[in-house]
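Per-chain residue numbering starts at 1, and chain names A, B and C are given in the order in which the chains are listed.
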Amino acid sequence: MFGLNKKDASLLLIVAGLVAFAPFLLNPFPEGSAMAQFNAGYPDLMQRFVIFGIFAIGFNILFGLTGYLSFGHAAFLGVGSYAAVWMFKLLSMNVLPAIVLAVITAGAFALIIGYVSLRRSGIYFSILTLAFAQMSFALAYSVLTPITGGETGLQLALDDPRILESASASEGNIPVPGLFGLEMRDSFEMVMGSWVFTFNFGYYFCAVIMLIAFYLSIRIFRSPFGMMLRAIKSNQQRLNYTGVNPRPYTLAAFVISGMYAGLAGGLMASMDPLAGAERMFWTASGEVVLMTILGGVGTLIGPVLGAGMIKYMENIISKINSDILHGWFAFLPDGLEDLVVTMIYPFIGKGWHLTLGIVFMLVVIFLPGGLVEGGQKLANLFGRKKADNPKSASTEPAE
Amino acid sequence: MGILEVKDVNKRFGGLQALGKVNLSVAENSCHAIIGPNGAGKSTLLNCLVGKLIPDTGSVMFDGQSVLGRTPFEINQMGISRVFQTPEIFGDLTVMENMLIPCFARRDGSFALHGIRSVISEAELRDQAESMLEEVNMIDKRDMHSASMSRGDKRRLEMAMCLVQNPKLLLLDEPTAGMARADTNNTIDLLKEIKEKRNITIAIIEHDMHVVFSLAERITVLAQGTPLVEDTPENIKGHPKVKEAYLGEAA
Amino acid sequence: MDAIILQILNGLDKGSAYALIALGLTLIFGTLGVVNFAHGALFMIGAFCAVTLSRLLSLSHEVAIPGQVDFLGNPATRDVPYVFDIFGEALGSSIIDWAVPLSILFAIPIMILVGVIMERGLIKHFYKRPHADQILVTFGLAIVLQEIIKYYYGANPIPTPAPEAFTGSFDFGALIGFEPNTIIYPYWRLVYFAFAAIIIGAVFAFLQFTTFGMVVRAGMADRETVGLLGINIDKRFTIMFGLAAAVAGLAGVMYTPINSPNYHMGMDFLVLSFVVVVVGGMGSLPGAVLAGFLLGILESFASMREVIDIIPGINQVIIYLVAIVILLTRPRGLMGRKGVMED
């Protein structure tokens, strides 16, 4: 299907299915129940799942295939956001031109930064990308304020020109981004008993784009280009003496992953039309690294899993407070209850980053292949028990 | 006029004269061995041929064109393939993928952006890779993870990767270093077979006299960065200068 | 001329901090071959050692003031720090006043302990893993450490003043023969620079003149050979890590009066210190120190109004720009050695 082998096609279909039914899958608990706080089927959160999924898929094309660890990828996301918001300000509230410009701008930006950074490899490359990203952040925050809005960020205003739509702007409200009349914030709620499922147009728009991005990444992984990138990670010396020039390959990978980041930034601005410099800060770059590692570097599905996992945990864990904890452990004797709550408390709510840091360290130490490797190990464990399957997962190329 | 012409090559590292006035001519379709004691400059010379080092003075002509100032991948594209002392392969890739990369490099040149086409659909290149694997008796290992193979197999794979490019000149840097006698003999047989089947020039740097005398048609003896003698194996065997500089030491 | 001297002086304190952190980074990188993204966190922990000690010293208990009642008629009380009870009020209050310098003594054992635990518990398992893994795991550790600090000390900066004797400024210009009031410089910054210079001198002397230092330097040059000589290089490297942690920690302790410590100060300095290391030359200790001061001073010059008027924002990006130019033209940095982290 679509030029994919059976295995990849089924992977794509599974992801498509999950994404399509996400409003159901992420809202398994009835409204008002104690477990409802674990629901994640809100438009806002689901949009973030897929948008960061795109970001991580793109990052994985660079880091997963070539092994070049960029610590400045958030710069491209930020550039994409700014470009998209400018499109909304100048041209129209239609998201298509905004997203196209976001991708192109981020790609051009990545071409310049990549051309310079890729003259070095290893740790030097990481530090160069970090330096470029921090530089962009500093510039966006200060000197470039006329373009970036500085500290307050870039926002829409009533008197923006929006040359393609003069009529709609007269209502007196700042218009919202849409796609040919359909607004991104449009939602349809379905009530089934005590369950409420929300279907949001913005989410589905992002989801479709994410599936396309995912499909393209599968094609890249399976292409001669992808094979060359893996060869670069494996042995650049041999590649050089085999008549291949690694640099244009890595540059192409860098630009492609920069464009993915720009796409994510453009979508982010399309869902909520503002852009701020903090999106380019190096912790934001670190976050996409975390997502990719957590899910599984160099695997197809890993980055999507990692992005979903981190954004889900962020949302849920940071919402838990001590009252909720006391509620959970109410069955324990009072003293013990307090002790347990005190022990867990640093890791929840505002302590979410602590949990994240610990999880991340554990993954790097014990499970360098991320969740995908963990899953494979589990599958092997159970698979071997069920039947002596001669085709063990380890002999296959990393999926 | 040989396919490879090295003229008056000098190379210094700080105070050390690694190569001094090296002249070498490798005739087309011959097997030319370069021998010499440790530190004679064999590896430096080889690195000057493949673009890893640039000689201070002198010229290196391959097939009528200068290789100086070209990068390793450009020199490979001219038709020189190199086998390393310790096998250099793509350890994270399967044997088949290892074979496909030189096939792509030969067909597409040093860079081509086939980002959407699938590797599986490249039937012609796969056939090439497979028949080469058959030739070196590795077809049954085609889907193996190449890092997990034995050193002998890695060496064979590396050789196959070089040969599938149909190079005009194959450079071998101590191809049997660290190998058991049986593996060494296999390698010799493989090289002889390759030599018979193809129009290929082989330049080999080797310590093992058994390998050198089984393969080489001409031998250059290098000592202290300068060619001592160049002659046929028969003459080299009895040459007093060589005995003094090399064989004497080895015995 | 006076403006130039002022900018150089202004660059010294930041430059000192950069140099000290970069020195530790280089020691760790040069000896252990590990890229430590958690090194900024060590700087931050040092700063919070100072915060902790000054809090500990100000711990107090209520004492009734005899013969006084508050407006409700209860006996009036006042807080008396425990140190007053031990040392008397006069000495006690100067101990509290001198909390930051005293923290040096407090921080050294703590930082060495933190460093050794970090190396034995985590870093040593990453010697053989790729640099990317080292970056990632120490990055995770940095997040964990800074979040722990944030949990206990909150997100706001905590003002930690210098001893009374060193607050305020003095007229440096008048001292060296300029017009009065042209070069005004805070005392504490000069103290910080002197302190940094002493630490740097001590580290270099230690490496130069002790057997231990000789082994470490040999290990930086060629780890395998030193190992083959039967010297237990691993143990020495653990101590080295403790030492580097202490250097970063002390840099943090003394920096607190200049900038109130907050939980993200480590990360802020880390990024720049990495740039400093790269500019100085990966694995070169003098390079790290030189580049630290140079970049600190350069940053200070770029912050001059006259410069910003010509090139807006240059103060924000100058260090990065220099790093990029250096990396591209002189990949080994100012004083980098051949063969360190080369492709």
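Observations on the model:
In the analysis below, a residue touches a chain if its C-beta (ideal position, glycine included) is under 8 Å from a C-beta of that chain, and two chains touch if they have at least 3 such contacts.
In this text, all values refer to a predicted model and were calculated from it rather than measured experimentally.
Common partners of chain A and chain C, by the touch rule above, are absent. When each chain is reduced to the mean of its CA atoms, the one lying nearest the mean of all protein CA atoms is A.
The mean-CA centres of chain A and chain C are about 35 angstrom from one another, to the nearest whole unit. The distance from the centre of chain A to the centre of chain B, each centre being the mean of the chain's C-alpha atoms, comes to 46 Å. Look at where the CA atoms of chain B average out and do the same for chain C: the two points lie 53 Å apart.
Multi-chain contact residues, meaning those touching two or more other chains, do not occur anywhere in chain C.
Within the complex formed with chain B, the chain A residues making contact are 3, 5, 216, 219-220, 222-228, 230-231, 233-235, 237-245, 248-249, 252, 256, 395, 397.
Those residues of chain C that touch chain A in the complex are listed here as 35, 122, 125, 130-133, 135-137, 139-144, 147-148, 151, 267, 271, 274-275, 278, 282, 312-313, 316-317, 320-321, 323-324, 327-328, 331, 341, 343. In the complex of the two chains, the chain B residues touching chain A come out as 50, 71-73, 76-77, 81-82, 84, 88-94, 97, 100-102, 104-106, 108-122, 143-145, 161, 165.
Interface residues of chain A facing chain C in the complex, by the touch rule stated above, are 67, 69, 71, 116, 119-124, 126-128, 130-132, 134-135, 138-139, 141-144, 236, 282-283, 286, 289, 293, 346, 351, 353-354, 356-358, 360-361, 364-365, 368.
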